[in-house]
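In the two complexes that follow, chain A is the common piece, with chain B as its partner first and chain C second.
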Partner chain A sequence: MELKDALIQYSLRIADSSLILGQRMAEWCSNGPTLEEDIALSNISLDLFGQSRMLLSYAADLKGNDESEDTLAFHRNEREYFNCLITELPNGHFGDTIVRNFFFDAYCYHLYNALKESKDETLAAFGEKSLKEVTYHLRHNSEWIIRLANGTEESINKIKQSVIDIWPYTGDMFAMDEVDELLIEKSIAIDLNTIKSKWNNTIKEVFERANLEVPSIDVYMQTGSLKGIHTEHLGHMLGEMQYIPRAYPNMEW
Partner chain B sequence: MREEDNILSILNSIPDPEIPAISIVELGVVKNISLENSLLTITITPTYSGCPAVDRFVADIKERLTEEGYNNIDIKFQYSPAWTTDWISDEAKKKLRAYGIAPPVNGTADKGSLFSGGPKVVNCPQCNSENTTLVSQFGSTACKAFYTCDDCKEPFDYFKCI
Partner chain C sequence: MTDLEKFNDKIANNIKIEPKDWMPDDYRKHLQRQMSQHAHSEIIGMQPEGNWVLRAPTMRAKVILLAKIQDEAGHGLYLYSAAETLGKSRDTYIEELQTGKAKYSSIFNYPTLSWADMGAVGWLVDGAAIVNQVSLQRTSYGPYARSMVRICKEESFHQRQGYEIIATLAKGTPKQKEMAQDALNRFWWPSIMMFGPHDADSYRSSNAMEWKIKLESNDALRQSFIDKTVPQAELLGLTIPDPDLKWNEERGSYDFGEINWEEFWNVVKGNGPCNKQRIKHHVKAHENGKWVREAANAYAKKQKEIKKAS
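Up next, the complex of A and B:
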């Protein structure tokens, strides 16, 4: 594998996760449980789109030809998307969204913190910029986990169920292949094994405050995102997200 | 006056699209101005990566400079070092407060662990009371948090630190 191809693939994985979660968060716009929360969820969506654009345009530049951030976002099918499976899971109820985002934000927090030191300038700049935003997202989700898990009988039961439902999708975030190997050797990519223990500590810290049990790591974990194999949910989401650019090709507004 | 200084003062007349009380220069998003041959390159850095005002920055900069006779303009983005609220000038902070937005409290940017982040005291921009409560980390725009004053009871935006 060429270094350039590995770099494109690595950038797409990170960009796709931000894009797909951003799209999920946009679905909350006007549906939030309170006005303040609606604004918060939409703001998080905007941050994620911005982060995604940075690396989609980087991947497009590396690919050359006529690729752009827009062609990458709107003209790829689900098998060509490499986002972590957890980011495409449906929003469910508010607690499901909070748990899903908490697991993913804690991962991004540690990954971007490490990525600041990447030998690749664009990835390092991305890490530095995005970390500031993700820190706010993580704090927001952590506070909600603690609140919901210390709330009413209903909220406690719901959040416990959310943790059980979403946990099997966390393993996929740490999967690595030859792309990672090649780039880790060049000090460009981050060894996700080093992120995993930090991630575990953050989950433990917040769950202790929330009186929640961290599920066993031995459960069966869903995987596939590295090869573009997804849950059934991604195709439906892309159908909606890509509808206008596909129905009206090259339209500008 | 160097021509770059002149260009800087032109840019300083462009208001921030979301907070017109301060200019884009005072906000700290203009990082570099370079004029080579006839090509004018302006380097800007976004406040938040998804800030919807960024496209407006670009359009406004092009429009103002074209009016001033510059036709060959290139606008570049720079993400590192990442924009921080520490780059907002003291003068601009006074303008923010006068406009009704509590300015970022110095030195709280990007520090603190998961739960100890954020400033201890944010003064109400209306009555200057220290008796204020954070309502939401996410306010009317990406760069602001939402507070309420427990004395004058007014809600207000706080320009949060990053």
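Up next, the complex of A and C:
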């Protein structure tokens, strides 16, 4: 594998996760539990779209030809998307969304913090910029975890179930292959094994404050995103998201 | 001077009425109704645009649209706070919305059926809102006037962004141009209805003008919107769907055809294409969020108790 191809693939993985989670968060628009929270959820969505655009454009530049952030976002199929599985999980109820995002935010927080030191300038700049945003997301969602897990009987039960339901999708975030190997060797990518223990600590810390139990690491984990193998949900999301550029090809919008 | 004389004096001298000032009951009630209706419009208005946020055709368009909707949510929040200074809570206002006691702008009871509608809404609906809101910057109630100053700045962005969408389509392929024209056809009349009934038929505007809540009449505002918008449509090569539309040299304004008031009043009364859908959506989100709000309250209460104990 050539370095350039690995770099494209690596950028797409991060970009796709932000894009797909951003799209999920946009589904909350006008559906939030309070008006204030509606605005906060849109904010997170906008941050994620911004992050995604930065790396989609980077991948498009590396690819050359006529690729752009839009061709990459709107003209790739399910099997050509490489977002972490957890980001495509449906919003469910508010607690499901919070737990899903919390697991992913904690991962991004440590990943982007490390990415700041990447030998690749664009990825380093991306880490720098995105870390600020994801720090806010992590705080926001940690606070909700603590609140919901110490709220009413209903909210406590709900959040416990969300944790059980979503936990099996966390393993996929840490999967690595030859793309990672090549780029880690060049000090461009981050060894996700080093992120995993930090991630575990963040989860433990917040769950302790929330009186929640951290599920066992021995749970069988869902994987597949590195190879573009997804849940059934992604196809529907892309069908909706890509509808206009697919139905009216070769037009400016 | 009596309270009423003091109040009238302020109105006469264009001194703003502030929340702690004495005001006639009807003045307060009128503002409660108008300001909450305005807030509700911002919030319900999120739905027809939210309808396209997941399907926006470019990343840039998606971000602009979502940020715009978020602005509207912010306007709603801001207007609810301003309306709360009149001694009624946001919860009460929202209950009035959900039970049909309070209205919101009828324009949001029309469906958004194509991407071009995102252009038409920004261009025409935000455009009409600006005409109204610029005038309201001078309204006599302080908190309302100040909220309008803040909101107007963002609205003019929205209007430009909407116009950009429509302009791109109008200059695009024949299919895109058709889409733009179709959106204009569907949104033109509802947009000019946004200014409300003719002055002669408007039973509400009389007091509001005396109290300087409303500074310009429905018909004057409507005319200024039309005069501003027709040249914009011409620039795009789009046709306003009104065969009676004609420049009147003498008046220095456009003459226009008769508005379909039967449609207008039906939509106001709840018979528009989306009235029920919009309220259902709002109620559903509110109910789905109930356990979350309860949990947050319960948590806050527990934290307070812990603090007290220590």
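FYI, the second predicted complex is superposed on the first by the 252 of 253 C-alpha atoms of A that agree within 3 Å, B and C clash if a C-alpha of one lies under 4 Å from a C-alpha of the other, contacts with A are read in each partner's own complex, and residues count from 1 in each chain.
We adopt the following convention: contacts are C-beta pairs under 8 Å (C-beta built on N, C-alpha and C of every residue); 3 or more make two chains touch, one makes a residue touch a chain.
On a predicted model such as this, the values are computed, not experimentally measured, just so you know.
Trainee: Compare chain B and chain C by how many residues of chain A each one touches, and report the one with more.
Mentor: C
Trainee: With both complexes overlaid on chain A, does A:Thr152 touch chain B (first), chain C (second), both or neither?
Mentor: second
Trainee: Quick check for you: in the superposed arrangement, does A:Ile39 touch first (chain B), second (chain C), both or neither?
Mentor: A:Ile39 sits against chain B and chain C alike.
Trainee: For A:Glu69, decide between first (touching chain B), second (touching chain C), both and neither.
Mentor: Second partner only.
Trainee: Would you sort A:Thr135 into first (chain B), second (chain C), both or neither based on which partner it touches?
Mentor: A:Thr135 sits against chain B, while chain C stays out of touch.
Trainee: Of the two partner chains, chain B (first) and chain C (second), which one does A:Gly50 touch, if any: first, second, both, or neither?
Mentor: A:Gly50 contacts both chain B and chain C.
Trainee: After superposition on the shared chain, which partner residues are touched by A:Phe126: those of chain B (first), chain C (second), both, or neither?
Mentor: So A:Phe126 only meets chain B here.
Trainee: Looking at chain A, which of its residues have contacts with both chain B and chain C?
Mentor: 36-37, 39, 43, 45-46, 49-50, 53
Trainee: What residues of chain C sit close enough to touch chain A in their complex?
Mentor: Against chain A, chain C makes touches at 43, 46-47, 50, 53-59, 61-63, 66-67, 69-70, 73-74, 76-77, 80, 115, 165, 168-169, 172-173, 175-176, 281, 285, 288-296, 298-299, 302.
Trainee: Can you tell me which positions in chain A touch chain B when the two form their complex?
Mentor: 22, 36-37, 39-40, 43-51, 53-54, 121, 124-126, 128-130, 132-133, 135-136, 138-140, 142-143, 202, 205-206
Trainee: Please output the residues of chain B touching chain A within their complex, sorted ascending.
Mentor: 46, 48-52, 78-84, 110, 114-115, 117, 135-142, 146, 160, 162
Trainee: Inside the complex, what are the residues of chain A that reach chain C?
Mentor: Touching chain C from chain A are residues 23, 26-27, 29-39, 42-43, 45-46, 49-50, 52-53, 56, 69-70, 73-74, 93-95, 146-148, 150-152, 154-155, 158, 240-241, 243-245, 248, 251-253.
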